[in-house]
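Right, one structure below, let's go through it.
For reference, chains read A, B, C, D, E and F in written order, and residue numbers begin at 1 within each chain.
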Amino acid sequence: MSTIRLFRKEKNTLMNKILYIDPAYDDSYINLFNNHLNKYAEANITVEVESLEGQQGPEHVEYSCYEVMVMPDIVRKVIEAEKKGFNAVIIGCFYDPALQAAREVSKNMMISAPAESAFSMARSLGSNMSIIVGRTKTIPQIKQNVYRYGMAENFAGFRSVDLGVLEFQKDSKESMKRIRAESRKAIQEDNADVIVLGCTAELGFHESLQKELGVPVLDASIAALKYVEMLVNINNKAGWSHSRVNAYESPPHDEAVQFGLYNK
Amino acid sequence: MSTIRLFRKEKNTLMNKILYIDPAYDDSYINLFNNHLNKYAEANITVEVESLEGQQGPEHVEYSCYEVMVMPDIVRKVIEAEKKGFNAVIIGCFYDPALQAAREVSKNMMISAPAESAFSMARSLGSNMSIIVGRTKTIPQIKQNVYRYGMAENFAGFRSVDLGVLEFQKDSKESMKRIRAESRKAIQEDNADVIVLGCTAELGFHESLQKELGVPVLDASIAALKYVEMLVNINNKAGWSHSRVNAYESPPHDEAVQFGLYNK
Amino acid sequence: MSTIRLFRKEKNTLMNKILYIDPAYDDSYINLFNNHLNKYAEANITVEVESLEGQQGPEHVEYSCYEVMVMPDIVRKVIEAEKKGFNAVIIGCFYDPALQAAREVSKNMMISAPAESAFSMARSLGSNMSIIVGRTKTIPQIKQNVYRYGMAENFAGFRSVDLGVLEFQKDSKESMKRIRAESRKAIQEDNADVIVLGCTAELGFHESLQKELGVPVLDASIAALKYVEMLVNINNKAGWSHSRVNAYESPPHDEAVQFGLYNK
Amino acid sequence: MSTIRLFRKEKNTLMNKILYIDPAYDDSYINLFNNHLNKYAEANITVEVESLEGQQGPEHVEYSCYEVMVMPDIVRKVIEAEKKGFNAVIIGCFYDPALQAAREVSKNMMISAPAESAFSMARSLGSNMSIIVGRTKTIPQIKQNVYRYGMAENFAGFRSVDLGVLEFQKDSKESMKRIRAESRKAIQEDNADVIVLGCTAELGFHESLQKELGVPVLDASIAALKYVEMLVNINNKAGWSHSRVNAYESPPHDEAVQFGLYNK
Amino acid sequence: MSTIRLFRKEKNTLMNKILYIDPAYDDSYINLFNNHLNKYAEANITVEVESLEGQQGPEHVEYSCYEVMVMPDIVRKVIEAEKKGFNAVIIGCFYDPALQAAREVSKNMMISAPAESAFSMARSLGSNMSIIVGRTKTIPQIKQNVYRYGMAENFAGFRSVDLGVLEFQKDSKESMKRIRAESRKAIQEDNADVIVLGCTAELGFHESLQKELGVPVLDASIAALKYVEMLVNINNKAGWSHSRVNAYESPPHDEAVQFGLYNK
Amino acid sequence: MSTIRLFRKEKNTLMNKILYIDPAYDDSYINLFNNHLNKYAEANITVEVESLEGQQGPEHVEYSCYEVMVMPDIVRKVIEAEKKGFNAVIIGCFYDPALQAAREVSKNMMISAPAESAFSMARSLGSNMSIIVGRTKTIPQIKQNVYRYGMAENFAGFRSVDLGVLEFQKDSKESMKRIRAESRKAIQEDNADVIVLGCTAELGFHESLQKELGVPVLDASIAALKYVEMLVNINNKAGWSHSRVNAYESPPHDEAVQFGLYNK
């Protein structure tokens, strides 16, 4: 057994690089996410954070019309990431935008996104998940994912703090106050036992919050990071990757070239 | 009562213009869809067909990575359509791509898409719908819509004819043969009573097919047309439009300008 | 293309006659529904309204035991309507009573009913439908239809105004006041974005209500009218009719004669 | 404790009378059902069987249009049964027709029907129920009940023997042969562990069938009998009756008189 | 017919013995349950009550870790019961612990448990069941059974009275007060029409409660008793037993001996 | 940022110990699982494997009556593991036995089990999971978990290879042959894109199988290992643990002592 372990340990000293895509044409959050994610990453993981490049584009994707505007560049980032040697990509938005597309174009990389990741953990950590969203506007789309990811029977409901994506970090005391108040109600009135912060911008709150509340509080981007670390691990060790049949079948290379998939 | 009727009739002589967006960078199907849709449109409806403009881009959206590439231009087409005075837009792909986004950016226009439309009709025409898809690749995404649109209890299953989107019209005899064979199996083996052709490119088959099979065969683009005609009618007569609360809330105008929503 | 369009226009000048069955032994609402429905009908549609004939019978069908009493006469009305040349029938009760039976006995006619129609529209107009019912008594039966018609994931809940079917039109100010109050709560507390008035007798309220509330308010009988207009259109243009396999298979003619289906 | 037991035993020597309604205008099955049901009834239970009276009417209710024709007389039979001192009524058709209406009009009586009864037992006897139906025509309506009664997760599917309701007893050897063949397939191909005979006319087969097949085979009318015996028992002992709130609220007496509920 | 009836009556004079297992290492409730259950049993039924034997063990099973501790002895009790000639066993805990295992090891006995039994009755007695639980701790596990037993569409929700299993009988006035208060809220706020007392220890309340509330109030252990009486009856009369295929397949005898299934 | 990384790396050099419980009174598989799991573990993870101790007990838990017999010792093993300093426990059976109980009694440890783990991964790796089970006997219980863990919409079905738990390793060539054949059918006939081996004893097959089949093949015990590694990581880095509210609330210490939870 020892030989195996040594082999494994050597292999493991190789760093795995993960790209976190902040799907916004706005680089002001890059450092914030960089510090945040590397703080929570495992020792053999390096996280790099990139936002989208372009002269103009959505700085948040609360609206579906903004979301679709950033999707092509998310896919391009994924394609570039693989060329640059990343082992995995995180799509940094709680709508899990372009997740299927990203998995289609990936080759050896693993792809995660916050809702799929956080819901999986919430199922293992408790029995009744509550999602604290920024604005009620975001509920229908997240609710679709609650059903799609099979969480309907373990769902305590939504609570909105009435803050836009870009407002969470502006007055973090006020944000914290509102998130705390709604989380409390979720626990007391909706019988929630796990709180999911339903926006990647709700960052920096979960640690003190969970101490106060006594239940796990899941930060969206950390959930996506830890989940993708697992995906990288299962890929490295067991050879499990996104299936190339059905949902994540890759497009034919020549056709994709012809259709401009690899262009900017 | 007569005054009302007269008023209504006059109002009704106004033509309603509907834009059918073929979400592909390929104008070779425009005439086909133009003839097809105007043949089935009501007297007070004019359908115009546009594909996407650009030097390069997907000519079909069977893959999700292609689908997301066409979404921003779908949204832009919708915005332009409203400026040009269209009353409604049809998004011409059975995945119903960018439907939420399109409804967000619409003002007085109504928006439809094939799956939502055909599923509603299938529910009223029968009790057990079968979907004939081009390739099994497309099943997971369409299946999500089967669930999302609440058709799970009335769903006989998928049957694939193993034809890509662009192949349906190449050898229409062969296509017809395969669609017929799978539809027969759907009726006999899966107990289907309504057949839905699960790709807008499966065009030109439904009429002779339903005569042979003895059950309604729903053409995807016609379904979307007739459904949006109803949406236009309920908008004109009863003032019912896409709700501006929750899912279809429009983005703030200034922000949308800043984010380049209205640019090409 | 012009030949086709001309042909279509000529064909379309033919009026389509729709029978609205008020499933009650009470003709006092005939004029009300006649004016109401013809006001909202398309130019090529004439709506006639009939209640049930007989010396005695339920004047409303809030109770299931009343509902079953009116069902045979609904079916007979449908059969007669076809003989009289109607193109479609609307069953004017939000329970959608005898809808399957009516479709079984129809030949070339299309049949609609309010709940199936309104739920389909609600799905296209918003993401979270609330139903304002007369009395809580009616909730279990309507709830069954919410599930059967696949609306569970888009359902904000019921709100009752504690008014019997025959009370809505007695003191319409009071009715309006209650409907408005419950609709407000549905929007504010249940996060509804579309209001469905869950009784055909809740008539005359939707227009002013939706102006006040800022969300679409669906009138049950108008929804059934506009939906059946679509069914007539798809039947005329695309030949889509109620499937004669499974749910809507018609009974053998001789047996039906022997069993008295066509008698009064 | 002894006093109580004695009291109970005395009380129990009182016979409970149950009316089995064969919802057909055809008295040729009365003896068959009478012998069948009394053979399986408990000692303190007497079953009487009545079909519907009238010069003309459906002799079976395979079609929904026939089903609605018999519903008013089912309700009247229920009302009469209470006057005659019956303790319970069984509605003898696997569609469970007019079950809600019958429970609304009942006062101290308990009401059962075959599908609700058999599904409950099937859940306790196995994990994967298969329903052997007469004709595929009946599937959509029974399927609705599979969902409504919460059996979707324990449902192996339908198997049809292609026999009309009135054909089961004509050539019982042939019927048995077909039911056996389809039940075998249900067990072997669909992994069924409980067989439900999905028509009350599939009578006389279950005993030898379950010996051959080695799994319980539920006869529809016996299931309804044994279930209603339980309902009678819980009513007698624990005072549990059909709730008078919501679904089974009774109509106001004066209104019901005025609407002719109690007339023939 | 008379011969059959006589035979049946004679057979029926044989008493059926039912064992009620109180799954706790605590015999202080034996008399209480004995009186309670025999009061509600039919004349031909004798109920015996046994708790678990052992020097030490859980006195209640509110926690899953306690529940698994009592499961092996539940199974052993079931095996012994068959040897002693019992006709049926009731597992006396609302979690329905070890129900599948008990059915696997039973031979000719029928097995019931409270939740499966009460939910079935609730479905037949009303349309919207509310469950009054002791503590919120128990909700997730009971909720799983609400889904598993197919009651999701007929479920008004949980109400907790904040009493541990062993507290219900300590101050029964206080218990009654809390149960009454929560049941009232369930009816008024959640629109419940049937109340289920979601713990076998909530005993002695249902009769006066249902008089006050006007809706059926289901006692958990009585529900399990009356349901198993039905199972005994269908077994005696129709030969229906727990299926030996799939879920309730019995283990091979020799293997079971070797694995110590029959040891204490 | 560097300080943080260093700190993290140091912390990370600490090994995490995971206990894999083989829930059987049979130590003949210990070495097999030990080699298997340590081969796939991360560098900072040591897996120890223990079976249950006792003179007699089930050597597999295919039957629910065997499963309940091993549950108390699973819980005791979990309690001991915490005392011995393990960071996590894996319950090594695809039924996920005693998972809730184990999480209740855990303090700082994380607990995983194969089905919950594999289903989560299957959702991220594909869209249509097929489960290859040993015998059809195991299907109902695993199917309950398919629903409970929200995988119903992504489930291609079961395929059985007709091998008992203890037979998989006896003639591994034959086992491989059967698993391969059924997996092929799952992909070709059921449109599966991820294969889950639904028994921890189906070990040693997945690597060559997935090369042949071209889709990921999930080994049950490896899935549980990699998933619990993630749970350990989120616990170490983000402080997320099993919630102590609701489902996983721990029993009061004194009561647990009194009830013998900590005894053997």
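Just so we're on the same page, a contact is a pair of C-beta atoms (placed from the backbone, for glycine too) under 8 Å apart; a residue touches a chain by one contact, two chains touch by 3 or more.
This is a predicted model, so every value here is computed, not measured.
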Quick one: which chains contact subunit B and subunit C both?
A, D
Give a one-word verdict, same or different, on whether subunit A and subunit F use largely identical residue numbers at their interface, taking over half shared as same.
same
Where centres are the averaged C-alpha coordinates, which chain has the largest centre distance to subunit E?
B
The chain whose C-alpha centroid lies farthest from that of subunit D is chain A
Could you quickly compare A-B and A-E and let me know which has more C-beta contacts?
A-B
Centroid from C-alpha atoms only, then distance subunit B to subunit E, rounded to Å. What do you get?
53
How big is the gap, in whole Å, between where the Cα atoms of subunit A centre and where those of subunit C centre?
45
From the mean C-alpha coordinate of subunit D to that of subunit E, what's the distance rounded to whole Å?
25
In subunit B, which residues are in touch with two or more of the other chains?
127-128, 136, 139-140, 144, 147-148, 153, 191, 246-247
A full list of chain pairs that touch reads A-B, A-C, A-E, A-F, B-C, B-D, B-F, C-D, C-E, D-E, D-F, E-F
Could you pull out which subunit D residues touch subunit C in their complex?
25, 56-59, 62-69, 71-72, 74-75, 98, 100-102, 104-105, 136-137, 139-141, 144, 147-148, 246-247, 249-251, 256, 258-261, 263
Which stretch or stretches of subunit B touch subunit D in the complex?
127-128, 153, 191
Note which residues of subunit D are touching subunit E in the complex, please.
1, 4-5, 8-9, 12-13, 34-35, 38-44, 112, 116, 120-121, 123-128, 148-154, 187, 191, 193-194, 206-207, 210, 214-216, 218-219, 222-223, 226-227, 229-231, 233-234, 237-248
In the complex with subunit D, residue positions of subunit F that touch it
136, 139-140, 143-144, 147, 158
